[in-house]
Amino acid sequence: MTVRVAVAGASGYAGGELLRLLLAHPGVEIGALTAHANAGRLLGDIQPHLAPLAGRELAETTPAALAGHDVVFLALPHGQSAAVAAALGDDVLVVDCGADHRLADAAEWERFYGTPHAGTWPYGLPELPGHRDALLGVRRVAVPGCYPTAVSLGLFPAFAGGLAEPEAVVVAASGTSGAGKALKPHLLGSEVMGSMSPYGVGGGHRHTPEMSQNLSAVAGERVTVSFTPTLAPMPRGILATSTARARPGTTADAVRAAYEKAYQGEPFVRLLPPGQWPATGAVTGANTALLQVAYDERAQRIVAVSAIDNLTKGTAGGAVQSMNIALGLPEELGLSLTGVAP
Amino acid sequence: MTVRVAVAGASGYAGGELLRLLLAHPGVEIGALTAHANAGRLLGDIQPHLAPLAGRELAETTPAALAGHDVVFLALPHGQSAAVAAALGDDVLVVDCGADHRLADAAEWERFYGTPHAGTWPYGLPELPGHRDALLGVRRVAVPGCYPTAVSLGLFPAFAGGLAEPEAVVVAASGTSGAGKALKPHLLGSEVMGSMSPYGVGGGHRHTPEMSQNLSAVAGERVTVSFTPTLAPMPRGILATSTARARPGTTADAVRAAYEKAYQGEPFVRLLPPGQWPATGAVTGANTALLQVAYDERAQRIVAVSAIDNLTKGTAGGAVQSMNIALGLPEELGLSLTGVAP
Amino acid sequence: MTVRVAVAGASGYAGGELLRLLLAHPGVEIGALTAHANAGRLLGDIQPHLAPLAGRELAETTPAALAGHDVVFLALPHGQSAAVAAALGDDVLVVDCGADHRLADAAEWERFYGTPHAGTWPYGLPELPGHRDALLGVRRVAVPGCYPTAVSLGLFPAFAGGLAEPEAVVVAASGTSGAGKALKPHLLGSEVMGSMSPYGVGGGHRHTPEMSQNLSAVAGERVTVSFTPTLAPMPRGILATSTARARPGTTADAVRAAYEKAYQGEPFVRLLPPGQWPATGAVTGANTALLQVAYDERAQRIVAVSAIDNLTKGTAGGAVQSMNIALGLPEELGLSLTGVAP
Amino acid sequence: MTVRVAVAGASGYAGGELLRLLLAHPGVEIGALTAHANAGRLLGDIQPHLAPLAGRELAETTPAALAGHDVVFLALPHGQSAAVAAALGDDVLVVDCGADHRLADAAEWERFYGTPHAGTWPYGLPELPGHRDALLGVRRVAVPGCYPTAVSLGLFPAFAGGLAEPEAVVVAASGTSGAGKALKPHLLGSEVMGSMSPYGVGGGHRHTPEMSQNLSAVAGERVTVSFTPTLAPMPRGILATSTARARPGTTADAVRAAYEKAYQGEPFVRLLPPGQWPATGAVTGANTALLQVAYDERAQRIVAVSAIDNLTKGTAGGAVQSMNIALGLPEELGLSLTGVAP
């Protein structure tokens, strides 16, 4: 059986990564590629790394162009997915790489995004407790944000194990592709090379409530998150340092045990051997998260560090992984466990 | 049929890239991994991007360790391949990523390498005229150097078409992985980031006679090469600007036609549409060469620019491609046509 | 009056930056340059950016070589300063860029460095309350560590204002020059470009007790610090995200006011206008710290982000600034307020 | 005497570098700062590295705003300088960082720029034979292009010495700041990091006729130039590899002697000792060119490699150097001989 897929938003970074992965996926056939400002152009002009699709022309993103596929991936600006999905019908698997359907709390959505809430879809982070089963057979998937993927994987075992106080402090560095292809001065190569800078400081980043939602669900109580994202001089990768105060009586052994239990048998999360720390360079292009955790006895804090590729496990790889589960395919199909390094 | 392969030199960059590609190759089973200084260590400590092999222990590079495989890839310092190959026997396919058996001219070898010539093996650049057929069924392959791959692909059509005077001038930029993992001060991140520098200027680089050999064979006369390599602040990639004076009467159309003819049907070389220029970022991790050529009428020079990944098409990918041909497998098996970009 | 200065450790990154600054300082004459492994070599071979000193030969680091100067800067491995200083006499100003004399608590020193405590020298961070006056006329200065400089500047106003609970959580990214010129595999350009990684996670980094010491002194109670350093793909710069839980009743206005008060009139610290965030690229080569602070009401945390050049304000610039104060020279003499950007 | 200077185009990279240098120049007072799209904004929002000018508001670029200064630096898009200069009067020193008045040949100008020729001004590359004297007392200066600076310095001694055939082949790599702050997709950090690419291949780059003009004047015959520029993943720096076929009888010694003679006593050009090669990282922020030359006997080519900072010696530093000469100030005033490295 071959699944016919379409990609809406094929000219962006997320769309390009989806296509890179789908080209390597043995169970899919790539159908429509759509875009908005770039409609009418050849993909080869915009995504020269996707040589096998160089001659494909980008169609305008419309329901008609996306009709007739088994799976439609959406890599669109937020606010557009609900309407597209409605037009596609309930039997089509719609995998949304955008934010529209990630948050369950409408008030939180409106507070951070400023638009009406469009409803909640099954959340595509299979590693979270209960989430893999919940994705079986679904026809709508909300792909997690890149930062929430890294941070939730980094910290949920601490909360699942009842080891952490419900106040997380997170600082993460992201490669520039996380900001997309928008032509903004601070994203020019001259500005980003040799420089690091923060943004969205003080609680304003839109991924903050998503992290809080994921960790709270595991903890069984509301977990606040102080989140500071930074822009790093690299094209890809997220390195998230996620910390929480340990509850009294926590030990380093208990922390290690909680993480080993959480990731036992997970195909895409590798808890590193003690003493080895993750580097984003080791997961470039891979759907893998590398993870390590330490317990700082003096500061009484659990410190987890996770490395993912923001475009792969953080977006397009997570999307394909969820598609595989939803369709009943082997979860690892078409997804690489190896990074392109150095 | 599954081919059992061993990799000697598995702790280096070329060895790591071989393993990355072989893990994705549906027709091989990875056997022995050997090293020298790193023998006894786990691969996961040294090549953390190769998660599926993290638990493998590196053996010492010995004939015994390498015995019992159908294919042995050598990624060793030059001067060591001949002895290893002799111990393996004639029925084993030995694919040498080192320089030992690339040059046909013993005097040239000795001039540039300073050691006795070890003989010549079939040369693994199938895109050169006659080379693909010559690789069928062989049991020894000399994988081309990374620079000669980029430059030969860039310039041979001009010589094959009789369009160029036999004096090439080449300047190429390489990512730092081309220099390997040697701990030298000028390879530190602090030194290479934000900086470009030349090396081996004035004719001294060991890849110079290899380029001359390849281009001379096509031209039917001796082609001299002025070659200047430079070190660029990126981990991977070669961008080669290869130029030659045009013979009288050459036209831009004739140049374009010669290149289109040379690469018609080649799976791994993409002559870009007029007006588009190659970027190394588009071939990261791919076995592809992107190529463009221009004719500068005022300076009367043919200017070809080629982009490859030095570790993939420039080393390990070329090695796997040659293995596929030698074993009668589909040439593209296990090799990616897409780069990891951005 | 011209001050005659010597630099011990002139072949390293800290030594090189000292010389770059001293060459631009109108009040000094550069005397002896010493080294250990590189003794006997020309500075031009090792520090090609210091053209005016290219012909200078490096002497062996001995008391004799360093004798006869008004000021001696030490950029040596830790454990060596005390003996050198003792040999120089009490009338020579010794400015130690190493760690030996930074910590007041001998037990903390021994815990983190594993060697006997060599005593405490006046601490060269004039922006800390009371420190500028304490440096007037001294003949020994302990230059702060690069991370403690960034973090102390980032967070002390919150503690000085009584706004923060005594548990700081800090994550900082450093350029690779912070790791020096040691030939270690993970510092190779191929490894660091395109990658971020943590180190010393869980409380083990030696700069942790120094941060705690500085903040505790201001807070008037013991401040614990959870510190996670990360290595960023850039040669220079530190971006420190320093956070602390706000005491009840804290407001955004109170936070802003505390920082404005702390840095009123400081020549080298620039509290940015609201809405602008620091980037390390803006302080390359400058002795400036750029700083911004936010109050995250939901998480009830004060989040300060500071950007410095680890080699300038974080090491050599701080050293020259302290020298200026100690000698009674204008504090800004020879120090740049502008970064080399982009 | 203090010279009052204005900078038109203060929000761009060239304008920012001019201001960085002028802030360090003891003989100038910075007057009007003008811009076009950014008029009305504070400089601190746009050029955060220029802290001492952060509060300055950018005026609109008009004759009125620029009136009343002794020196006006123009960093404007080409085609605008002539009108501005005419309005300023003949007694004001106008230093044009743009291309308008560099070329003497009107036909060449029109061929490459497509607009009417605006006339030729004294050319600000004092190191070229006769040029320093020609700059004394002038009131108009055409600052050379960044590539022509690097290439002319690299190759003129070979032509001055009669050692080279009149056909130069040049390949140069530039940092991204050479492309300015234009918001173009290929200049995004995500695109340029980890990637090299050529542009303007085949003779089309506008700096080509300028190189030809400079080298021809020295050679006494028309020198053609095959020029291929490439974009390198670094913010600053040009590394130019400039080659020419040697005339019969040329020797390595003769080449070396020609270069030593050409740069004897030049303050800003450093011919490196034999065996050492230039790196752009060593000249970041410096007004220095580092240079080395080799003679490739087999290919019979002279190969010169030069490294400059495109914004300093390649633009703003060259502009200040010319101002110093024109005004009779010491040529080195306010210009750094040291790079910010690593």
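In this document, chain identifiers A, B, C and D correspond to the written order of the chains, with residue numbering beginning at 1 in each.
Note that in this section a contact is a pair of C-beta atoms (placed from the backbone, for glycine too) under 8 Å apart; a residue touches a chain by one contact, two chains touch by 3 or more.
Remember, it's a predicted structure, so these values are computed and weren't measured experimentally.
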Result of counting contacting C-beta pairs for A-D and A-B, higher pair: A-B
Chain at maximum distance from chain D, centres defined as averaged CA atoms: A
Approximate Å spacing (C-alpha centroids) for the pair chain A, chain D: 45
Distance between the centres, which are taken as Cα means, of chain B and chain A, whole angstrom: 35
Touching two or more other chains - residue numbers and ranges from chain A: 13, 175-177, 188, 190-191, 193-194, 233-236, 278-279, 281-282, 284, 341-342
Contact set on chain A toward chain C in their complex: 167, 169, 171, 173, 175, 188, 190-191, 193-199, 201-203, 224-226, 228, 230, 232-237, 239, 241, 243, 245, 277-282, 284, 292, 294-301, 303, 305, 307, 341-342
For the chain D and chain A complex, residues of the former touching the latter: 13, 175-177, 179, 181, 183-185, 187-194, 233-235
Chain D contact footprint on chain C (complex, rising order): 13, 16, 20, 23-24, 44-45, 47-52, 54, 176-177, 193-194, 235-236, 270, 272-273, 276, 278-279, 281-286, 288, 290, 336-342
